[in-house]
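Each of the next two complexes has chain A plus one more chain, namely chain B in the first and chain C in the second.
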Partner chain A sequence: MRKGQYRFVAGFLFVPVALYLIFVIWPYIQTFGYSLTDWKGQSQTFDFVGLDNYKALLQDDIFMGAIWHNILFLVFIPVITILLALFFAFMLNAGGRSRAGGVSGVAGSKFYKVVYFFPQVLSLAILAVLFGAVYRSDSGGMLNGFLVQLGLVDANDPVVWLNEPDFVLWALIVVVVWHGVGFYLVLFSAAMQSIPRDIYEAALIDGAGRAQSFFRITLPLLWDSVQTAWVYLGIAAMDMFILVSTMTSGEFGGGPDHASEVMSTVMMRNFLYYGKSGYACAMGVVMLLLTLILSVVMLRATRRERVEF
Partner chain B sequence: MGSTSAENAGNNGSEGVGRRALIKRSAALGLVSVPAMSFLSACASGGGDEDTSGDTQGKTSKDNPFGVKDGSKLDVVIFKGGYGDDYAKAWEAAFQKKWGVTSTHTGTQEITGKLQPRFNAGNPPDIVDNSGAQKIKIDVLYKNGQLLDLAEVLDAPSVDDPTKKVRDTVIPGTLDPGLQGGKVVALNYIYTVWGLWYSGKLFQEKGWEEPKTWDDFLAICKDAKSQGIGGLAHQGKYPYYINVAIMDLIAKKGGLDAMKAIDNLDPKAFVGSDAAQAAVEAIYDVVEKGYLMPGTNGLTHTESQTRWNQYKAAFITSGSWLENEQLKQTPSDFDMKFLPMPVLPDSVMPFEAIRAGSGEPFIIPAKAKNLPAAKEFMRMMLSREWSTLFAKEANSLTILQDGVDPSVQLRPGTQSTVEASKAAGDNTFRFLYTEWYSEMDTAIQNASNELMAQRIQPKEWLKRAQAAVNQAAKDPASKNNRRE
Partner chain C sequence: MSAPIKETAPAPAEGPVHRPPVRSGERRGEGVALNAFSHGFLALWALMIVLPLLWLVLSSFKTDAQIAGSAFGWPQNWSFDVFTRAWQKGIGDYFLNTVVVLAFSVPLTMLFGSMAAYVLARYRFWGNRLLYYFFVAGAMFPVFLALVPLFFMVKRLDMLNTYQGLILVYVAYSMPFTVFFMHAFFRTLPTAVFEAAILDGASHTRTFFQVMLPMAKPGLISVGIFNTLGQWNQFILPTVLMQPQTGDDPERYVLTQGLIQLQQQQGYASDLPVLFAGVTIAMIPMLVVYLSFQRQVQAGLTSATLK
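On to the complex of A and B.
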């Protein structure tokens, strides 16, 4: 290396690492420190209470319920989103029945791709307003209005979607899936297009049907993309803060009666509204641990031998 | 928090720092540096500003007790929320006319963001309406020595009647919320009443009379339902509002003792309290008989209030900010009217009794540049002229007793609150547990939400509310809050 170049490169390495330490690692260490205190969040006076906050956390039914809701999201959001996205992507790229024998997209597939991508352009805040109108609890809501027109619901007793403990989690899952499918569809179809056509043609000559060519060729070759999608959707499922806090009832959402609570909403309520900031920090540490474990597990579980082509 | 950490964890599996990560990081660097810069510059501007402050003291006189100086400047910051900030502009115009003091006006919702750096730098405004979600906590400011003790203003002669002190012209008890360490450091300026609201026009059309007893109330709900109108609407997404109705019924039925039992975390505040039982059963009766506006349990405050403005329900619960909040949605002939909660049989308090109290704290920073003008400004806020200006521009009352000139035409809703508070006289009450125990408040709100959705019965509601009280009583800090 030429003289001075070394210092230049080292500078580039040092600055990001230092920033990372200061703005990411240090706050985590601080959070852990605060989680051992009875900090109230408004001044710098507090007492050390050891692991009391963590003990209390284990007996906190609301937080434990929130963990279960996050796990439910974790199971359903990635599965539904990825399956739908794969299905649509395959249909767009290989669903056509023309020419090269089952390896072209349906008519207008380029247009559909753009349309599918639309929901991703919307911010979650807009989404919350949009679906707030869909789920509105009187006959002015889109869903209720529709059901009333069909005669399935009595206008004087409409379905209170987001205020029904049995529906609220599913209503939220629908929103996330609606938002996510388009993006992963585009991701998957980009990956599908990079699969050499002659593999399909060879399979076709060997007598493979559409289903077989999907499961034997497309899916294995897409595995890297699916894995990425899985991790990202898992992380989204562990968070869910924006949608839950804006769409459901209660301070920072989570209603009705904690039926849609996720870890982040319980944490924010304790941190800002109840002034139990030390306790909330303990929740933050637990969330960090769970998310770390989740990421490691998902990356390990989905590891496959890489197929080269 | 969770997501940032997890993304990093996700990257662990890939091949270290790629070019994209590097770009992301430098972008992140840019993002962090922006607030850091403004923070630094705020600090930097802190020193050496002393020289501008010396020249605001004028001569004091009987009419000018603080010595406002003609030609000086006043820096006013107003929270621009439900009441807007037009009232403050009107005040500032009047102030300039009288004293020749020009003011710089800032109307904002970001009180903390705009003012914290200025307080830190020793360069605060002269008078602040410190309200809204982003207000700076009064106790924090007080502990840092940033607030002026308002005793000087409160002990000055009133503008309207110089034989009286300012503090004797306000509605009793309204200064209390501004107390810190025994001193009034914040002036909670707006007088709020809570209760039911209805449309005078709808009532006249249907031939309904203002209900004074619970049975009358139910009768109107029944009649409304038979004509395809909802009886009671409430802001279901925020059970705060229906708690107003439940708690007011308790207070009126059982008197101030029933209210204090709740605030003081009595082991029999709910379970074992006849007043509480009667009140909750009365509310549940409304639900069971189907007198709620359809769908109201899931609506936000604006959605349900707008439906009510469209004559889809006879009554709604809310505080006196309602009229200003709904200004655009209210038909011009709607004739909005306030109604104290109707009373249950054998109630201790009369029908006229209302929940009432003060809010919207105004403060004078201790390090304000133009203290004389700031004090005079606040003294004038408590004059009848300015209180009337406020009522006209913001459609709400102030804490000044009889503070609105009778010749002024108020909006119908505000006018009806004037009459209601006159009729109430000393029969006012105000729960404090909402300010003292937010966790208990949330638990009771959740229970109410379940009650209104008919997922629990009154008995279960009482149990859950009592459990919330008992939980709050366990907190050692709860000893600090007691009322006699």
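On to the complex of A and C.
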């Protein structure tokens, strides 16, 4: 490489690398160091306390409860979202009248895709306000209003969805699923459309029904996309900060009585509210470890022979 | 690697396959039943998407009493006052703050991301792979890991609650995805064009800006949409970085933060229609962008995930 090229390369890389280093990489690294201190964040003075923060975390019932809630999200959010998305994607792409003897999409599948995808472009803050109104704890809430109309709920004693320890996590799962199904549907749909038609036609001639062609052809060929979806939804389930912190009660959410606490809300409360910076950093490290373990486990668990076509 | 915009590639066997229709009555019956069945479910889910949104928009035309009373009353006063009120109560400022930040952060993200990706994709030099992974690795870590030191870093630079602080942070955090995506794109561009430009005496910088960047336009559009949506909807970073630091510090909340702020104020002074009108105002640009670019939005976000 000539000399001028080095200057060019260095010149082009300088600003991006500097920004990235200062605002992303360096803070990531610092977190590990700070997590070993009793830093309160107010001044630059802090003492090295070794693994004390991590030991305290193990004793912290609220944080441990939060991990448990994250795990619950981790199991249910991907499963429900992926199943619904696969179901709808198959309906869209193969649920139509078998006009040409083959498998065809339903009429208006384009319209459905546009509608289903829309929640994806809304910010989670909008979703928080929207579902805050839907879950209102009087009959003015959409859900309660609906159930009152059906006679399932007494108008004088409506359900307090977000303040019911047994319901609150499920109420949040519904929001995430509502938000995500359209996106994964489009993702799976794109993958389905790249499957050659003649495979289906061959299966049809061999007498395969729709269920069989779904499980024997579509799903195996879609496995890569499903795996991607699984990892992405898993990472989202580890976060959940916006919805929990804005929709549930308490400073940075987590209510009622820590029934909906997740790791990110406990961390933000300790950092911005109690000023326990070092402790919050330890939580950040735990979140990182759990996320990495999760990604590895999920990729391993869903590994299959890749089908080429 | 294939071009990121999947839709431009011709889908195999998409066209109608002309085959004699299967006339067996049994199969046809199954088809009709399934068709009705699919339409039923599909329509139901479509309703579940549209109804809450519509209901919320309608609610902004109701009064507080009406909202609390019954969920399905039809609004009686169709006055647009409430939108003016919401705008004045802060939505206007929040909106403006978001626009100001994005007006700088999105172009800068594209510029710096493309520059880094281009050099990494097309020039051989020591440490190239290492730098590439250094950029891409950032996508794997949860942002929560960085929040505490990031706050103090921005504080030390005296950029808490400033536009430039948030802009720089947005650009930095958009880097992993942008570099990843554009790297793949620049690799697919033909070498011949590059060589021709250099032979014609164009400098490397000039070749990048006048030849390579315009050729990468489809990729840039996808990444641009993705970054715009991502930064517009960002919540955690502004929550940490955009808080008034002293009593007389102006509020520089972005839209997402502002909406939540409005929602939390409801506990003190009930004016729900204003909140709903605020959400409606916040939704409209997204709806417009989405409906005008929905193919690109879907393709952009989908390929972003598949990478």
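One rule holds in what follows: the second predicted complex is superposed on the first by the 283 of 309 C-alpha atoms of A that agree within 3 Å, B and C clash if a C-alpha of one lies under 4 Å from a C-alpha of the other, contacts with A are read in each partner's own complex, and residues count from 1 in each chain.
As a working rule, a contact is a pair of C-beta atoms (placed from the backbone, for glycine too) under 8 Å apart; a residue touches a chain by one contact, two chains touch by 3 or more.
Everything quoted here is computed from the prediction, not taken from an experiment.
With the C-alpha superposition on chain A as described, chain C and chain B clash in the combined arrangement.
In the superposed model, A:Gln30 makes contact with chain C only, not with chain B. Within the superposed three-chain model, A:Met238 lies in touch with chain B and with chain C [touch as defined at top].
When the two structures are aligned on the shared chain, A:Val129 is found in touch with chain C, with no touch to chain B. Judged by the touch definition given at the top, the superposed model places A:Pro196 against chain C, while chain B stays out of reach.
With both structures placed on the common chain, the touch criterion links A:Tyr116 to chain C but leaves chain B unconnected. Once the two complexes are overlaid on the shared chain, A:Leu288 sits against chain B and chain C alike.
When the shared chain is aligned, chain B and chain C each come close enough to touch A:Ser139. When the two complexes are overlaid on their common chain A, residue A:Ser260 makes contact with neither chain B nor chain C. Residue contacts after overlaying the shared chain place A:Val106 against chain C, while chain B stays out of touching range.
Judged by the number of chain A residues each one touches, C leads among chain B and chain C.
Among 43-51, 133-141 or 331-339, the region of chain B with C-alpha atoms clashing against chain C is 133-141. Shared contact residues on chain A (touching chain B in one structure, chain C in the other): 12, 15-16, 19-20, 23-24, 28, 31, 132, 138-141, 144, 232, 235, 238-239, 263-264, 267, 284, 287-288, 291-292, 295. Residues of chain A touching chain B in their complex: 12, 15-16, 19-20, 23-24, 28, 31, 42-43, 132, 135-141, 144, 155-158, 160-165, 231-232, 235-236, 238-239, 249-251, 255-258, 263-264, 267, 269, 273-275, 284, 287-288, 290-292, 294-296, 299. Taken together, the chain A residues at the contact with chain C in this complex read 1, 4-6, 8-9, 11-13, 15-17, 19-20, 22-28, 30-31, 34, 41, 84, 87-88, 91-92, 95-102, 106, 112-126, 128-134, 138-142, 144-146, 148-149, 178, 181-183, 186-187, 190, 193-194, 196-198, 201, 209-210, 225, 228-229, 232, 235, 238-239, 241-242, 246, 263-264, 267-268, 271-272, 277, 280-281, 283-285, 287-288, 291-292, 295. Residue ranges on chain C touching chain A, taken from their complex, read 6, 11-14, 16-22, 27-28, 30-32, 34-35, 37-39, 41-42, 45-46, 48-50, 52-53, 55-56, 59, 67-72, 112-113, 115-116, 118-119, 123-125, 131, 134-135, 138, 140-142, 144-154, 168-169, 171-173, 175-176, 179, 203-205, 208, 229, 232-233, 235-236, 239-240, 255-257, 259-260, 263, 272, 275-276, 279, 282-283, 286-287, 289-291, 294, 297-298, 301-302, 305-306. Considering their complex, residues 1-10, 12-13, 17, 22, 25-26, 28-29, 32, 137, 139-140, 143, 236-239, 290, 293-300, 303, 307, 438-439, 442, 445-447, 449-450, 453, 455 of chain B touch chain A.
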